[in-house]
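Chain naming follows the written order as A, B and C, and within any one chain the residues start at number 1.
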Amino acid sequence: MKALPAYVVLLCLVLMAPIVIVVILAFSGGSYLQFPPRSLSLQWFVRFLGDPQWRASLWVSTIIATVACALATTVGFFAAYAFVRGDFPGKKLMLSALLLPIIVPTVITSIAMYFLSARLGLVGNLVWIGVCHAIIALPVVLLILLSTLHGVDANLERAALSLGASRARMFVKVVVPLAAPGLVSAALFAFLASFDELIISLFLSGVRAQTLPVRIWNSLHLEIEPTIAAVSAFLIGVTAFILLLDAAVRGRRGKGRIQ
Amino acid sequence: MTRPQTTLLLLPALLMLVLVFAAPLGWFFVQTLLRDPDAGPLWPQIVSVVTSRAVLQAIVTTNWISLLVTATVLVLGYPVAYYLANRSGVRFTLVIFCIVVPYFTSIIVRTYSWMVLLGTDGLINDALVWMGIIQTPLKLLYNQFAIVIGMTYVLLPYMVLTLYAAMKSIDTNLLRAARGMGASGPMTFFRIYLPLSLHGVISGALIVFILSIGFFITPALMGGPSDVMIAMLIERSVEITLDWSSAAVMSLLLLAVTLVLYAIYYRLTDIRRLMGA
Amino acid sequence: MTQPPLPTGKGALELQDLVKNYGAEPVVNHVSASIRPGEFFSLLGPSGSGKTTTLMMIAGFVSPDSGAIRMDGADLTRVPAERRGLGMVFQNYAIFPHLNVFENVAFPLRARRVAETEIRARVKDALGLVQLDRYATRYARQLSGGQQQRVAIARAIVYHPPVVLMDEPLGALDKNLRYDMQMELKDIQQRLGMTVVYVTHDQEEAMNLSDRIAIMNHGRIEQAGEPGTIYETPANAFVARFLGEANLIPGTIETTQSDEALLVTPAGLRLRAPTGDARPGQPASLFIRPEKLSLTATTGNVLAGTVRRRSFLGNIIRLSVEVAADTNLTVDLANTGVEPPAPGATTTVAWPVGDGVYLTQ
């Protein structure tokens, strides 16, 4: 049975190829993108970061993702705790409802959000876009923290209470430290979910708040500028960085267990 | 341990779901379909939108592409999931890395990558011409083929991860028992392994199909003028023709189908497993 | 926020008619007990007997559907766990993995806002008591199971709670270590004079440690009393069997005198035992422990039989002797080096009349 490993290797190459190629393209030296590049340079990155509009988009994306990350992680942490430790009817239904935002086609959600935002004058409002992104990031946060909190022995919480800690103290001194790796993970992926989100941003951005994905979209629709390769490579870099950071956090926790 | 107060911690999330998600949806449908003075009664509106040629065509295209993508993803994903479920160590890490990195990369970036590969002067055509296999570039982009490639690329990780979870829960002793009783490799696979992984197949296919029918970015960028999926039609009604009531009717339809499929998914899948219970 | 109480009481605990249902299933079914200050009190029973739920109600993690819990006269029933001021040791130790040994033991003191210098002194004392002085900066993952157990005990006693609850605290330790820890636990309990409520399913452990044992089954206390008393005079067949190997010979009480009653079995055996609450005409079982039976005695109840099986169990040799159709008696002989009869051999089985007990339930 050598066919299976061969197939898996081939598929992995196909999966990674587009991403790797875009990253290589972004370092092209010539006056247009070419693969394989004849020479390497940082010119497209220089153009990306030198352009005030691209810089503004980077700033907008970062602010929105920070708002979404903070909100989704906090709210999601409380909700995950309620799911894991709470005792109430309809748990499964409630969780399914909270997962709906990633199930319902984002086009529909975005149009509805736009419809309301336009009436309320919130189109282009960075904080509001962050709040809207948070609803998409919330399911991600929930799924990560549900499994994290399930790994926290309920007896540790009981022990803290039996030793006289108040509920709040138990939460801060025991639950939060033990869930810390999961919290970091959840925050990272919530940030990424918002940073990469396109459709909601497309509808809510207006002219003032164009995120990086929105600018890429516009460029792909009108005229493909070579800078897109550099912006894409940058977004891939952010993803890679977040995955590495997450692996490092998990790795540290894993090591702690083995010792 | 459990106290009523613990349940209260759910409130912020529910509040956010209602205010930022449910309320805008509800308000949107009520305003465009019921309150709009020009719109008239609801049922005729729905009938006229659903029976229009463009919408019917989009429904057919959406279903066709979604089925094609679901089947492709399943066929491509099953062997990889099987491989992952039976490996550990470096090989597992490497393969899961190749699945997860695209999974967490922005959809717009992934779509752009395939456009670079499939374009008329894209890498694949360049390579084929250079190797002398073809003389003139093939039209690989802006058609259904490109949409299926792009969507398969985006949705494959969902299928692989769902199947992997299902396969991982199969007790390998059952396979050993079957082999011990004299079953051949293929018999063990078809009589034991496949049936036991079937709920993963169904869950994975459902989730991929649900996500497919609402797809927007990839078909909008990689499809041709005639390859219009329903989500694109909704977006165009709002952005180009400013026909809010058509957009609302199509959204309602798509939402209803999505929710029905999600309800089936909900019945078939033990969502509590997500909680690790 | 007010702080949890520092200990003042003596540790008398009163469980009054506690009931807990999960759905329609009664998990704890009218449990009452009076636990005296300084007493080592065990809840012993098979899994699912309601012993852990009872302990969790005392701790405040499960609220009873009805009934009351009082400590030194004060009603604790509706007091939240963190304000009951009890100590608790958990089954898997529940050592906080992100805190070192010192901080684990200091945790209850910090919750009570005890001054730093006093914390240091008290933690040192507590760690000394469990012989862990040199491990203060270690983390749980760097300790053996036995050491983690000591940390859990130190943490539960450092603020001198009048009552300490223990949920199978030695269950995860291997057999030899478990016996040593039992001795140590008993020693600490007696030195500090604290009340301990101890949950276990291991009858030897319960008998070794306890002043009194409550045997639980199906959510009820079947019998409570000193280990020797319930071992020798169980109230019913469940208690008799749960505490060790038991012979139960069913029959009907034929006659009673002031101190002795006569039992006749279906196979026609006529046996005598102290009357107890047996009444003539009543169905009853005669209970006798295997180690009370003798193959050499000739007084009391004497039966002829055939050895059917012989098992070597180390310190004892266990025989199964058929004394009538369908009636086999288990006989435990001390392993004194004398060769016991082999299967097939005929023998007599005898025991003093006073050692039997009639179970009429």
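The working rule: a contact is a pair of C-beta atoms (placed from the backbone, for glycine too) under 8 Å apart; a residue touches a chain by one contact, two chains touch by 3 or more.
From a predicted model like this one, the values you see are computed outputs, not experimental measurements.
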By that same contact rule, can you tell me which chains touch chain B and chain C alike? A
Name the chain with the Cα centroid closest to the overall protein Cα centroid. A
Out of A-B and A-C, which chain pair has the most contact pairs? A-B
If you average the Cα atoms per chain, which one ends up farthest from chain A? C
What is the distance in Å between the mean C-alpha positions of chain A and chain C? 54
Where chain A and chain B are represented by their mean Cα positions, the distance between them in whole Å: 18
Which chain B residues reach two or more other chains? 1
Where chain C touches two or more other chains at once, by residue number: 61
Residues of chain A that touch two or more other chains: which are they? 158, 167
Touching chain A in the complex, chain B uses residues 1-2, 5-10, 12-14, 16-17, 20-21, 23-25, 27-29, 31-32, 76, 79-80, 82-83, 94-95, 98-102, 104-117, 123, 126, 153, 156, 210-211, 213-217, 221, 231, 234-235, 238, 244, 247, 251, 254-255, 258-259, 262, 266, 271-272, 274-277
For the complex, which residues does chain C have touching chain A? 1, 3-4, 59-61, 80-88, 90-92, 94, 96-98, 107-108, 111-112, 141-142, 155-156, 159, 165
Within their complex, chain A touches chain B through residues 4-5, 7-8, 11-12, 15-19, 21-22, 25, 33, 35, 71, 74-76, 78-79, 81-88, 91-92, 94-101, 103-109, 111-116, 131-132, 134-135, 138, 142-143, 146-147, 150-151, 154, 157-158, 167, 189, 192, 195-196, 198-199, 213, 216-217, 220-221, 224, 228-229, 232, 235-236, 239-240, 242-243
Contacts from chain A onto chain C in the complex sit at residues 153, 155-156, 158-170, 173-174, 177-178, 256-257, 259
